[in-house]
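Both complexes shown next keep chain A, but they swap its partner, so chain B is in the first and chain C is in the second.
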Partner chain A sequence: MQLLTMVIGLALATALWSGVQAINAEARASYDQAARALGETQFTQLIPEEGNTIPTETFVALRRAGVLVSPLLEGRLQLDDENYQLVGFDALTAPMGLVPNEAQQQVDIVSFFAPPYQIIANPEDAGRIRGLTDATVIAVDTVSPGVLLTDLYAAQAMLVRGDEVSRLLLLPNQPRNGTPPDLKQLKLVARSPSQGNDISRLTGSFHLNLTAFGLLSFAVGLFIVHGTIGLAFEQRRGLFRTLRALGMPLRMLLVLLMVELLFVSLVAGGAGMVLGYVIASVLLPDVAATLRGLYGAEIDGTLSIRPIWWAAGMAIAVLGTAVAAAGSIAKIIRMPILAPAQPRAWALLSERRMWLQGILVLALLAVALIASQLQGLVAGFALLGGLLLAAALALPIILSLLLFLAQHLARAPIPSWFWADTRQQLPGLSLALMALLLALATNIGVGTMVGSFRTTFLGWLDQRLASELYVNARSNQEAEVLQSYLAPRADAVLPIWNIEARVAGLPAEIYGIIDHATYRDNWPLLEAADSVWQRVASGDGALVNEQLALRENLHPGDSLELPGAWQTIVAGIYSDYGNPNGQVIVGLDALVKRFPDLQRQRFGIRIAPDKARALARTIRDEFGLPAERIIHQAELKSFSVQIFERTFTVTAALNVLTLAVAGFAILTSLLTLSAMRAAQVAPLWAMGLTRRRLALLELLRSSALALMTLVLSIPVGILLAWVLLTVINVEAFGWRLPMRLYPTDWAWLALWSLIAAMLSAAWPAYLLSRKPPAELLKVFANER
Partner chain B sequence: MSVRALIFMILFAPSALAQGFAGLGSEAEGYLLPNPDTRFEFPRDHGPHPGFRVEWWYLTANLTGTDGRDYGLQWTLFRSALSPDDRPAPIWMGHAAVTTPDAHFATERFARGGTGQAGVTAAPFEAWIDEWQMTGIDRGQLRASGPDFAYELTFAADAPFVPQGAAGYSVKAETGQASHYYSQPFYDVSGVLQLPGGAVDVSGQAWLDREWSSQLLSADQSGWDWLSLHLDTGEKLMGFRLRSDLGSAYSTGTWIEPDGTPGPLAPGAFVAKPLRFHRVAGREIPVEWRVEVPEHAVDVTVTALNPDSWMDLSVAYWEGPVRVTGTHSGRGYLEMTGYE
Partner chain C sequence: MTRAAVLTISDVWKSFPGDTGPIEVLRGVSLDLPGGDTLALTGESGSGKSTLLHLAGALDAPNKGQVSVLGHATHGLGDSQRAALRRDHISVVFQQFNLIPSLNVRDNISFQARLAGRGAPEWCATLADKLGLADHLTKFPEQLSGGQQQRVAIGRALAGRPALVLADEPTGNLDEATGDAVLDVMLYLVRETDAALLMVTHSKRVAGRMARRLHLRGGQLV
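Up next, the complex of A and B:
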């Protein structure tokens, strides 16, 4: 029985930990691969100072000046309602390591360079796009999902972007005596190799949450293992003493015990890894969908077994066992050979130990307090860890006080005994209850965070995407034609022209908008100066997004320098979730005056919502505008909702799993306790309480403890959510999310944890109700 | 393997089908074939010849530095068509090398035609890929650079261009494979080499080869040994030996008088035999030769200045300066391909 609980406990802990780690590892590997879709991030890149394109002549001019660069063209290619990232490269100048080796080996160069061209895609995408394009499709495993590789000139043809490229890679081996290029004159900016992996930054929070989840689950599992090992050793004290008394060297005993533990931990760890793999493979598709939807990050929906997480998982299982067993082993070392062999059962929660634990709680709170005054992600996590551990350690103290109170409030003998006995059992259950508290608090915390994010994000989308349709024309001319075509057909056409530039040294976008009620009524402003919209419209002020404001510590009224020595004033700050870069909004006229050749391709269309879809179709049909260049606001919103639903699937699944682990912890504790509690129960039975009644009281006890823990876990969970939302999010991403509370979720959680507690108490209770009276009688016969 | 290596595996390098070195023995379907009746017309023929499969502008120079040491350099531009009508545009490949008695530097460039990154114009003559360029054909400048070397030369020649083979129709095999081929072996050159040890002023002689074809080798020919020699008496000797998988070799050449008058050698009249092999890049390469041209009383030993002149590029071969001793003395360049 003990062996089983120990194996299952450790296996469950390892499973959650390794499952989460597997998902994280898989996703990260996919980003890396995506970032290396063409391993371009390892090279210095030259990107346009403004706009999105570099003329092909610039590439040739640089090469002819002895600067070895290789061009890339990227764009969205839509094939049968699916969007792909089409990447065109020049095989003849591409540096080593840019293109996956497998791709190189399968390409027929003449066909690669000649219409109808060839497209290299991963096997899944290849299967999907075959027949949708004239190009020959080649499947190569190492190409990232959603990425299509092709020849540069093929990409120019497919994207209808003649004679332009997106970026130039600076090759590592430049010729001797080469002169550095005059980037300013070419209107290029160099981006060093390490920068620019936005996806990993964006998705970081998601993985952070998962990792926190995994770690907490593992901690919960360790509580179980610690309890089981402690009990197993306690019960075998007699055996150990006898062995030692017979002359077995201490060292040998310890070695044997350690071998036993190692064996158990390996078996349990292995089982846990298998379970973790199952969890990961079940959840991965939802995680993949979430990441793709939220961040546009492509990860494979399939799991590959990575040796690193096997090794890490096993190591964690063994180390965890070691940590959990350390205390027990130390006790055996200190055990005097002639000590009485009686099991001490569970140490009573002595006053002294309470005090110690209380001091530890205060110390942890102090750490959290200090951490909250510091800046940085690490401090944020220190705050989080300190708070959670303090809460867990404080739990037995608070429960003990509550039970003490209940005991004194109770009048009748049975309730009075019930509360006193519950309090007496508390030490044995405290580890399991702490595990439950952590599980519940994590559930509430993460649930609140994800929920707040969803509510805020969708609300923000509502405000931000006020226009019914958004159009991104392929050229300035097309945009002009479209606008004059749309003017009589729509309620309003709102140009959104932009340049890409550097603000305060980092890449940013500058948008120009016209003065319109759409913005005044809807735009999500966080802080604003007086008459903010008049200022923007007249060109006397600019709006900046929250990220830029936080980074540069900007507030309304501060001065702001924009490219082209443009001095302006911050008129307002708006929230801009999901954008890693800075953004500035200015009056359209002011922007055009300074940057006459800006991109004039985007505009929003105001129209009655029920007519939007039809208008989008008309534009598509009349102008042949690819579907991905027209965003239908309602569809985008419903898509976002869908994405969040999948995020919730993952969160919910992890919630259930952590609860299961905590429930299991309660079960094991109760089982071990029940074996030793005959002495306490027998007198009551003798006094006339039926076994049935006693079993019922046991169930009640578990429920009461679970309920108390739940009530206490709510503030802890909210605190956790608060830290996640206002400390960690800001540190990691630069935006703050308002916290929303979801009491109905808590009610559900309460129900679930009650069910978990009752289920885990059910078996011990059943055993009690079936306990042969003879055994209970033995208590009085002094035969124990 | 890089994409480029792959390209040239397909286009040039020997394949399992025994297509000969650099794919030059492969099918010429759709491409123009050399015609023995064609006569050169300059400056037009200095420019590219679309419709033919391969073509090159190939300059080698034997130099002496102010430090008294011998040097060699190579500047080559290859045009390789992907289709007879140049759709898609041809691929250009540049090779540049500098050889010293104890070091050999080689580098390569690639470009697609049609963008201006590489190309050749006949008049005014310019051949270029990236910043490498040869400007002018009777006199002009030449430059190239790599990660560890660079050079810049001026060159000039008064002599006429020398047609090779039968009035420029150079037969490569008994089965009739041939190319259009002319040379300018009379350049005087001077300039500066930038080497890892510093700059060296150099002067000497250079030799330009112009050749185009669609199918140079017969299917059983696996490579060639090619020599261009500047003899101290003023004559020039070009000779090559095309090795067959069947064990035989087709050899021929041209004896060029000091005034540029070509004397084509009959097949077999140019005799070259390896004297000494040297292990380089995992292969046994003959780096010392006995060369005989009985009708001109030539019996010389040709020795590599640096036996390690291996061009370790996407298309790999041996190419380097040589010294001539025996009945005649002088110097020149040796190129050996297809040694596996």
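Up next, the complex of A and C:
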């Protein structure tokens, strides 16, 4: 039983950890693959000092000056309903390694340069876009999902971009006599390949969150392993003492025990890796959807088996076992050969141990306090880890005090014994209960965070998506005609014109808006200067989203530099959930004046809600506009909510798995303890308590402990939610959220936890209720 | 005048399953034990002493024959009725003491008496005093010596003033001097409570202290 418990505990711990790592590795491999295709990880890049584009003349000038550069043009291309990242490159100057080898073998160089051109895409995307474009589509396995590669000129044509490129790759082998280019004069800046790509940086927080969850699950699993090893070693203490007394050297005993542990950890680790692979395969599609929805990052939906992942997983299983066994091994080293056996010594939570645990709790709280004063996501997780571990370690102390109190309040003999005995069982169950506390607190904390996020997000969507219809015309000209057509038919037409740019060194969007009550009445402003809307409308001020404001420490009244040497003042800050990028809102006229070539295809329509559908139908009929280009507010909201829900699917799944591991920890602890329970309950049976009553008391004990743990987990969970909302979210995503409490959810969690605890206790209790008297009598047998 | 039997065992047979078929442990054992009487049951290891004690204590049921305590036949009783019989009328002192580790000395002594609804704090205090445990009432079993633990077990057995006290090698784990002291106080208290005492022992010296002695051999009384 103990062996099985240990194998399952370690396998579960390894599975959850390695599953998360597999997802992270797959996502990172996809980012790297995408970045490699864009030359970001291999080559120094020259990017525009301001704005988003480099004139082709700059490229030509550099080549003429003998500098070996290769141009790239990137942009979003919409085909059917899907958005793709189109990358145009110049095949003649492109460095080796930019384009996958398989692509080079399959591409016909003549067709590549000449209309209708060729597009290289990953097989899934290739299947999807065939027929949607005139270009010949070539499927290549190694191209990242969502990325389409084509000739530079073809890309310029498809993206309707003039004579411009996005970046220049500086080739590694430059001519020796060449003079370094004057980047300042060319208004370019160099970005080294080591600076990483934008997607890696943007998604870093998401993966760190996943890693933290994986680590938590691993820690919960290790609690099981630690408890099992401790108990197994304690029960064999007599045997070890005998072996030592018979002359077995301590070293040999330790080597044998370590070999045994190594063998078990390898078997359990292997099983855990297989389970982890299954978990990762199941969760990966949701993670892919989350990353696409939240960050626009495309990752492959299928999982590859990487040798490094296997090696790391097995190593963590062995290492985890070593950590879990360290205390027990140390006890054996210190064990005196002739000391009398104390079979129950392990179960006695001595006053000294309580004190030590109390000191550790205070030390962890001090760590949390220090971390709370520091900045950054790592400090945030240190705060979180400190608080959670302190709460877990404090649990047995608090429970012991509560049980002591209950025992002394009880008057009748059975309740008095029940509480006293429960207190004595506490050390054997405390690791499982600590795991349960962590899982419950995480559940409450994450549930509160997601719930608060959902409520805030839905309210925010209502504010933000105020227009009844959203239209995306096929061209600027069509948009202009449509606006003229709609002007007399709608309450208002609100242009949504924007440019993509780099603000404060990172990708951002700059939107232009007109002065309208829709914004004044609905826009979710967090901070604002006086006359904020007048300032924006007149072009004297800009609104920035919360992410950008937090990152750059911007407040109303601060100056803000926008591309094109545009200096403006921050007039207000607004919430912008779900967007990883910076966003700036300026007056439409000011934006058009500085960026006359901006895309003008999108606009919102304000109209009485009951007339919206009819108007949409009229636009479709009159202009032949495809249905997907006219979106109802309700559809957009439902789409946004859908993305939101998928974002937290992984979190919810890991939440449930962690809770399941904790439930398993209780079951295994009870089963392990049940083997020793006979000696403790047989005297009570002999004194007149029935086996059935004793079994019911066992059930009641598990329920009482689970209930107490649950009650204690609520404040811990709320504290966790507070840290997640005010520290982790701000550091990871750049937005603050108000905290809302959901007592009904806690009631449900309490119910499920009680059911789980009772189910965990049911089997050992059933075994006790059916234990034959002969088995119980063995406890009293003299000739044992 | 002959006193009524507290324990009556009539033609009791008991076997346990073995590798090569059932092993007959008791074969037609009969005895009577009136209140106030003390009986020593001796025999070799494996002779069936403990099995007979367990049958007398309604802890187990015979395959054949009848065991009655205060006129209540134990066969045919359900689990809960048998438990009630044990709780209200029978106490057992085990060789391994089998105290409740989570309760202190005071609570261990009074436990079964309170369970039977006969908890009398004064009587428990008297018992603790007579057993030399007055200074150890707040200690836990693990903090006591073997002799002290056995005295707690005796106190527990007598606190509810049961009709029948069963003792299974109560001094088997103690040295001679401690064993004698424990036995002295046990016999004194049994007399005080007018209980019937059935004691299983290997020791002829201990058996010699009882009013009656019976020897078991091959599952039969000789």
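Some observations on this one:
The rule we apply is simple: the second predicted complex is superposed on the first by the 571 of 784 C-alpha atoms of A that agree within 3 Å, B and C clash if a C-alpha of one lies under 4 Å from a C-alpha of the other, contacts with A are read in each partner's own complex, and residues count from 1 in each chain.
Quick note on the criterion: a residue touches a chain if its C-beta (ideal position, glycine included) is under 8 Å from a C-beta of that chain, and two chains touch if they have at least 3 such contacts.
All of these numbers come straight from a predicted model, not from anything done at the bench.
By the touch criterion stated above, A:Phe780 is placed in contact with chain C alone, chain B being left untouched.
In the superposed pair of complexes, A:Arg423 makes contact with chain C only, with no contact to chain B.
Contacts of A:Arg64 after superposition on the shared chain: chain B is touched, whereas chain C is not.
In the superposed model, A:Leu4 lies in contact with neither chain B nor chain C. Looking at the shared chain after the overlay, A:Met96 reaches chain B, while chain C stays out of its contact range. When both complexes are overlaid on chain A, the residue A:Val107 reaches chain B alone and has no touch with chain C. Of the two partner chains placed by superposition, only chain C is touched by A:Leu684; chain B is not. Of the two partner chains, neither chain B nor chain C is touched by A:Val282. When the two complexes are superposed on chain A, none of the residues of chain A touches both chain B and chain C. Those residues of chain B that touch chain A in the complex are listed here as 1-4, 6-7, 10-11, 82-83, 87-88, 91, 107, 110-112, 115-117, 128, 130-131, 145-150, 194. By the touch criterion given at the top, residues 16, 45-46, 50, 54, 57, 59-61, 79-80, 83-88, 91-92, 94-96, 98-103, 107, 110-112, 114-116, 119, 142, 168-169, 172 of chain C touch chain A in their complex. Those residues of chain A whose C-beta lies close enough to touch chain B in the complex are 56-57, 59-60, 63-66, 68, 90-94, 96, 99, 101, 104-105, 107-110, 113-115, 153, 173-178. Chain contact summary for the complex, chain A toward chain C: residues 342, 344, 348, 412-414, 416-417, 420-421, 423-424, 679-680, 682-693, 773-774, 776-777, 779-783.
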